[in-house]
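Below are two complexes that have chain A in common, paired first with chain B and then with chain C.
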Partner chain A sequence: MSTHAPIGGKLLTKPFLILSLLFMLALAILLARFIFGLGAVTNINDGYPWGIWIVIDVMIGTALGCAGYAVALLVYLFNRGEYHPLMRSALMAGLFGYTLAGIAVIFDLGRYWQFYTLLLPWYVQLNSVMLEVAWCVMAYVVVLWIEFTPAFLERFGLENLRGKLSKVLFFFIALGILLPTMHQSSLGTMAVVAGHQISPLWQTQLLPPLFLISALLMGYAIVPFESILASMGLRQPLETHLLAKISGVALLVTLLYLALRFGDLLWRGALDLAFAGDTDAVMFWIENLLFILPVLLLAQRRWRIRPRLVFISAISLLLAGSIYRLNVYIIGYHPTAGGNWFYFPSVPEIMVTVGIFSFEVILYLLFVKNLPVLHRA
Partner chain B sequence: MATHITESDINLDGFVGSLGGVSRREFLKFCAGIAATMGLPAGMAWRIAEAASNPMRPPVIWLSAQECTGCTESLLRSTHPTLEQLILDAISLDYHETLCAGAGHQAEAYRQQSMQENRGKYVLVVDGSIPVKDGGIYCKVADRPIIDHLREAADGAAAIIAIGSCASWGGIPSSGPNPTGATGVAEILKDKTVVNIPGCPPNPYNFLTTVLHFLAFSTLPALDDKNRPKFAYNRLIHENCERRPHFDAGRFAITFGDEGHRKGWCLYKLGCKGPETYANCPAILFGDVGAGAWPVGTGHPCFGCTEQGVGFTKPIHALSELKTVTPPNTYPGISENIGQGVTPASAALVAGIAGAAVGAGAVAVSRLGRGDDSGSDDDEPKS
Partner chain C sequence: MALNRREFLKLSAAGMGGALCPASGDAVMREPKQLSPDAVGMLYDSTLCIGCKACVSACKQANGMPPEAAGQLEPMWDTPLETSGSTLNVIKLYQNGTADHKDQEIDGYAFMKRHCLHCVDPSCVSACPVSAMTKDPVTGIVEHHADRCIGCRYCVYSCPFGIPKYEYDDPFGQIQKCQFCAHLQAEGKVPACCDVCPTGASLFGRVADLKQEAQRRLEKQPGDNYLFPRGELGAGRPGHEATIPTYLREVYGEKQLGGTQILYMSAVPFDKLGLPTNVPDFGYPAISEGIQHMLYKWMLAPALVLAGLVYVVKRNLDRGHDEQHKTPERDSGKGQS
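And then the complex of A and B:
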C-alpha cells in the first residue's frame, strides 16, 4: 500500500538558502543566550517569565504539530481509512513541531543544565502539571519518531525490518493518540494555575478542553494548509476530495469549540468584558472572528471543494488557535504582584522564533524531497 | 519573688570577705547570670549562691593531658567573678598543674591525699586529649602515663567534666595523622558519664555554669547526644548569628577584605561553619567586652571548634553543610526591571513578518483562485 514517494528535485533552492540564513542567525543569537543568559537576549522578566519562546515555539509549535494526532484520531480511532493518505505528511508535521518544541524548551530554561533531573524518578513531584507536560512531550517525540520510522525503512529498502516494526506499531499509534490528549489539555491547565492573573475572557476551568479542541482544530487545519502549499510550491497533486472531507471535520470541531467557548463565557457572565474596548477585548474579537470565519466559508459542501476557501479557512483556524494561545499566556495575562510589568519580544527573541520555524520548513523540504512522505494518487 | 530560700537563710555577710573582695551585690548578680544562662528561674540564683558560698567547698581535681593550656587561659579571663575568686573560695581546687601553689612530689602527694579523703565526692576536670598509642607514653605526669592518672582519678570522681575539644573528642592532636593516638576522655571512660564542654577554647561560662549546676543541684545539666550541656550546645551558631539576616537576604562576603566583608555580610561563602556547629558563641560572646566579641563578629568565619568532624577536620575555606535552607547563587533584586515595551525595531520586525505572511497568503489565495476557475475538483498535478 506504499503509495508514498519522495518527490526528489534540487535541494539548494533560493528559498532554502534564505531559510538557512535565518536559521543560522537564530543559532548565533542562541549562542549569545547560552553565554550571557536569558536577560541579555530576551525581554522576559519577573512579571512575564514566559515570552514567545514558550508561547509561540512550544505552545503554538506543538499545537501546529497536532496534525499527526488529529489525523490519527480520525484514521485509527474513528476507523476512517480514507484519510490514511494524509497520515504520513501529517505525522511529519507533528514530528517537526514536537521535536523542535522540545528543543526550544531548553532555550528558555534558566538552568538548562539541570534538565536531566526531569528524568530522575526520585525528584518527581506527581502533582505537577509541568512534569506531566514535560514527560508527555518527551515521550510523544519518541513515539512520533518511531511512528515515522517506516518512511526511513522504505527509503533505505529495509523491508524486513519494516515488516517487524509494523507488527508492534499499533502500540505506538495508540500511545500517539493518548499522549497528546494528555499534554495538550495540560497546556491549558498551566494557565488555570495562573488564576486571576489571566483576564476572565480567557481564564476558565474549561481551559484544558478548549486547549485540546483548539489544538485538534489546528491539526486539521495544518493538513490542507500544507497540502495546498505543497501543491503550489512543489507542484504536487492536490487531493481536493480528501481536503474537502477533512474541512468538514474541521467545521464540526470548530462549531463544538465555539459552542463551548461562548457557552462558558455566558455561563460565567464574562462576555461583557469583550465590549470593554481595551486591548484584551480587541484581541478577543480578532481571535474569535478567526474561529468564526471558517464556519462561514466551509458551511456548504460545495464550498469545501474550492481550494481557495479551504486554504483561507485553514489559515484562519491556524491563526485563531495561535492567537488564542498568545492571548491566554501573554496578552490576557496581567501579572499584578510587584508592579506594572511590560513585555514585548525583543528583536533577537523574535529572530530565534523565526529561525526555528525556518528550520521546520528546511526539514520539511529535506524530508519530502528525499523520503516517501507525500502521497501519490 | 517567692522562693523556698530567702536572703536571710544564707549567711551572706560571712562570705563577702571570703570571696576576695567581691561585693554581695556583685556575687548575687553573678549567680543570677549563671541561672539565666541555664534558663532557670531567677529564684534559683539563691540556691546557686548558697552552693557557691558553702563552707564545705567541693574539691576539684584538674588533670591536664595533651593540651595547650588554652582552656585554663580562657577560664582565667572570666570576670564575674574572676575564676581565681571562684576556685579559691567556691570550690577547693586541690590539684591543677598550672594553678597549684605546690610542685613536684608535694603536689602529687596532695592530689593522692585529696582523692582518698574525698573519694566519691570530688569533681574531676580534664583538659587535653589522652594519647593511647604505645602504652600512652606520649604524655606523662610524675613518670606515669596520663591515661593511668585519668583512670585512677575517674574511679572516685562524683562527676567528670572534659573541658575543651581535645578532652571532648580528641581535638587538634587527634586530627591529621594523629601520631600519639590522641583520644577524648569519654572514649576511654566508656562506663562513666563524661560531660563534654567542647570549644577551642570553650566559653568559660559554659564550664562555670556546668560546675555550679552540679554544686547547686548535685546533678549534671541536661546533655545532648554528644554529652554536651544542652543549655549551651542545643542551637546552631547559625541560628543566633548577628549576620544571619545577611545570609537570608543573600548578601555574602566572597573574599576577605571585599566590599561585603567590610560591610559585615554573611561569612558562609568564606567557609563559616556556623550552619553546622552547635554552640552559644553568638549569644554569650567572649571576654566580657561587649557586642561583636566572638570570631564571626570580628569578621572571621567560624571554624567549628565545638563540633567533632568539623573543627580541625574540614578546611577553613570549605563550605559548611547546611541543615536548613541552601542559599541560591543569586537572588532577585529588590527593584526588578519591569520589562521592555515595544521598540521601533521589534515593532517593525513584527509588522514585517505579518506583512510578509499576509502577502504570501494573498499571493497563494489569488493563485488558488485561478485554480478554482480552471476546475477545482481536478486531482491532476498542476504544471
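And then the complex of A and C:
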C-alpha cells in the first residue's frame, strides 16, 4: 500500500559517529551555559541581545523546516498529486527543523524556568508578535508529529490505527498549512518594532510577506538539496523529473520574491544605501545575488533536469534565505544603546549551533534507515 | 485544477493577502497612544548638569545595585560606562575639539543622563509576550516584573533607546531597567536621582507641568536670571538661581516616537547626546501592532483561512484517493541512480 520504505543499512557509520561527537560537545557547552550563564558561553551583549542561537537555530532552523509546509501547499492545496512522493521526507525535514528549534529556544532564554508563563492567560500579552510566534510554533510542532505519525504506524504494522488517523488527518494537514503561514510571516513582523535600529535596506512593513515567501523558497530548496544528497550519500534513486518540476516552482516563487523585495526598496527610495560601500551594502548584495543566481541557473526547462544546476540553485536559495535573516536581525541591526557594540559569535556558541544541526542529521539517518520515509518508485 | 487556484486566490485575499498590502503606508497603523493626564515624568536639563553623578550613586543605593569598575585594572571607583545589568542610570559626556566651553557643540562639552524614558507608546511593553513589561495606566511608569519574565530579551532588542539590559553573567539573570523608583513613589517620595540632584538638572513632576516649565525656560532670553526648581516641581524646595543658556528651541520627548515622559532640554543637538533624532512622531508599536491587528483581530482571518483550507484539503484528499489507484507510476518518474 505504501510507496515509502525504510532503506535499512548499518547505523553506526563513521559520519554518524563524528556527528554524535559534535552533538555531545554541544551538550557539554550547554552544561556550562546553564551553570555559569549566557555570558560565559556566548558573545551576545547589551547591544546585541540576540545572536546566532536565536537567528540561526530558531529563525533559520524553522525556515529550513518549511519543506513540509511548502510541499503540502502543492500537494494538498493545489492538488498536485505528482509531488506526493516528496511529501513524507519533506514533512520529516519540518519535523526535525521545528522540534529542534523549539528545544533550542530554551538554551537562549535568560529565564527558561519561567517558560510556562507563555501559557498562563493572566500573563499573556496579545499584542506581542513574539507570543503569536511562540504559540504558533508550539502548535505546529504538535501538528507535524501528528502528520508524521502514519510513518510510525506503518512501520509497526498498526494499520487499524492508521486508518482511523487518516480519517481526521485532513484537519491537521489544513492546520499544517495555516500555522507556518502565520508564524513565518510573524518572524518578519517581529523586526518591525525595532524601527530605526534596522537599516532601511531591510526595515519595511513588507517584512512579513518577505519572510513568508523566503521561508517557502527555503522549503522548496531543501527538497532537491536533501534528495540529491541522499542519492549521493545513501545511494538512493534520484527523481530527476520531479526535482525539475519543483525547481520550476522555486523559480516562480523567487521571481515573486525579488519583485516584491526590489519593488519595496524602490518605492521607499532605500536602494541608494545598497551603493554606500559599507558592510550593510556588501551583505545586501551577497544576500540578493544568492537569490538572483538560481533565477539564471533554472531559467530554462532543460537546465532544470541537470542535478548539478538544481543542487547549486538549492544551496544558493538556502544561503540567500539564511543570510536575509541574519541581515535583518544582526548585520543590519545597529543598536541605539550607547557605546560601540560589536557581535560575532564565540566558538562555543558556534559549536552549539553545529551540534544542533548535527543532531538533525543524526535523526535523519536514524529515521530514513528505520522508518518508511523515502519514496520507492 | 483551475478551480483550486481560484479558491486559493480567494483564500489569499482573506488572509495572506492582507500581509502583502501594507505598502500603502499608514493604512495599517493602529491609533497612537495618548499620554495619561496624571502621568509623572522628569525634565532633564543638560545645561544645568555639572556631571557630579550624585544621581548615579543615589540610584544604586535606592535600587540595591552593585558598583561597576569598568575599564580599571584594579577596582577603585564605581565607574559605569553605560546602563547595564548593574547600572540603571548613567551620566555621559559629550566632548568636541578643545572642549573649552560647556554646552557648546564645537570645541565644547556637555553632560547627558541616560535611563528609561518611560515612553507613551513603549516598544518593550508591546514586544513582551508575558506582560513582564507594563505601563501604569495612571502614572505611565514603565515597569519590569521579573517574576514572570522568560528572558527572551525582545525588550532589549526592540527598545529604540537601548535601555533594558540583561544580566548575562548570572545563570539566573534578569532584565534590569529604571523603574522610575516606583517603590519610592508609592511611599510618596521622589525618584532618587531627582531627589539628590543639586542643580535641578533632574526635576520630577507631572509631565503636563514639566512641559510648562520647559516652555517658561524657552520663553526667557539667554542671560536672564532664572530660579530653577529643584527635586520636585511645585513642591516648594529652595530653587537654584542661574542664568538661562542658549537652549535648542525644542524639548526632546514631546513628540519623538509618540512622546516620552522623560523630557530633555539641551544646548547641544540631541543626536550628539546619543538620542535618536531621525525618528517618526509615533511609536514603532503603532506599526507592528497595526500589522498584527489587521491579520489577527479576533482571529477572524486565520479562522476563515482554516475553514477554506479544511474544505479544499478534504476534497483534494478524497479525489487523490481515487486517482492514486489509477496512475501511480505516471508521476514518480523513472529514477536515475
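Everything below uses one rule, namely that the second predicted complex is superposed on the first by the 376 of 377 C-alpha atoms of A that agree within 3 Å, B and C clash if a C-alpha of one lies under 4 Å from a C-alpha of the other, contacts with A are read in each partner's own complex, and residues count from 1 in each chain.
Quick note on the criterion: contacts are C-beta pairs under 8 Å (C-beta built on N, C-alpha and C of every residue); 3 or more make two chains touch, one makes a residue touch a chain.
Only a predicted model underlies this, so the values are computations on that prediction, with no experimental measurement involved.
K.L.:
Could you tell me whether chain B and chain C fit or clash when both sit on chain A in the superposition?
P.N.:
Partners clash after overlay.
K.L.:
Per the overlay, which chain contacts more chain A residues, chain B or chain C?
P.N.:
Of chain B and chain C, C contacts more residues of chain A.
K.L.:
Given the touch rule stated above, what does A:Q125 touch, chain B (first), chain C (second), both, or neither?
P.N.:
So A:Q125 only meets chain C here.
K.L.:
Would you check which partner chain A:I177 touches, where first means chain B only, second means chain C only, and both and neither mean what they say?
P.N.:
In the superposed model, A:I177 contacts chain C only, not chain B.
K.L.:
Now for A:G248: first (chain B), second (chain C), both, or neither, which partner does it touch?
P.N.:
A:G248 sits against neither chain B nor chain C.
K.L.:
On the A-aligned overlay, A:P208 touches which partner chain: chain B = first, chain C = second, or both, or neither?
P.N.:
second
K.L.:
Between chain B (first) and chain C (second), which does A:R308 come into contact with in this model arrangement: first, second, both, or neither?
P.N.:
A:R308: touches chain B, not chain C.
K.L.:
Between chain B and chain C, whom does A:T117 touch in the aligned arrangement: first, second, both, or neither?
P.N.:
In the superposition, A:T117 contacts chain C only.
K.L.:
So, does A:F344 touch the first partner chain B, the second partner chain C, both, or neither?
P.N.:
After superposing on A, A:F344 lies in contact with chain B but is clear of chain C.
K.L.:
Who does A:P6 touch here: chain B (first), chain C (second), both, or neither?
P.N.:
neither
K.L.:
Is A:V193 in contact with chain B, with chain C, with both, or with neither (first, second, both, neither)?
P.N.:
second
K.L.:
Which positions of chain A sit in both the chain B and the chain C interface?
P.N.:
Chain A residues touching both partners: 45-47, 231, 235-241, 338-339, 377.
K.L.:
Quick one: which bits of chain C touch chain A in the complex? Just the residue numbers, please.
P.N.:
For this pair, the touching residues of chain C are 1, 4-5, 8, 15-16, 19-20, 22-23, 25, 28, 81-85, 92, 114, 123, 125-132, 146-154, 156-163, 165-175, 257, 274, 276, 278-280, 284-285, 287-289, 291-292, 295-296, 302, 305-306, 309-310, 312-314, 316-317, 319-320, 323-324, 328-337.
K.L.:
Please give the residue numbers of chain A that touch chain C in the complex, ascending.
P.N.:
My answer: residues 3, 34-40, 42, 44-47, 49-50, 75-79, 81-85, 108-112, 114-115, 117-118, 120, 123-125, 127-132, 134, 169-171, 173-175, 177-178, 181-182, 185-186, 189-190, 192-197, 205-206, 208-209, 212, 231, 235-242, 260, 264, 267, 333, 335-339, 375, 377.
K.L.:
Can you tell me which positions in chain B touch chain A when the two form their complex?
P.N.:
Residues 332, 336-343, 345-347, 349-350, 353, 361, 364-365, 367-369, 371-372, 376-383.
K.L.:
Using the touch definition from the top, list the residues of chain A that touch chain B in their complex.
P.N.:
Where chain A meets chain B, its residues are 43, 45-48, 228-229, 231-232, 235-241, 305-308, 311-312, 315, 338-347, 350-351, 354, 377.
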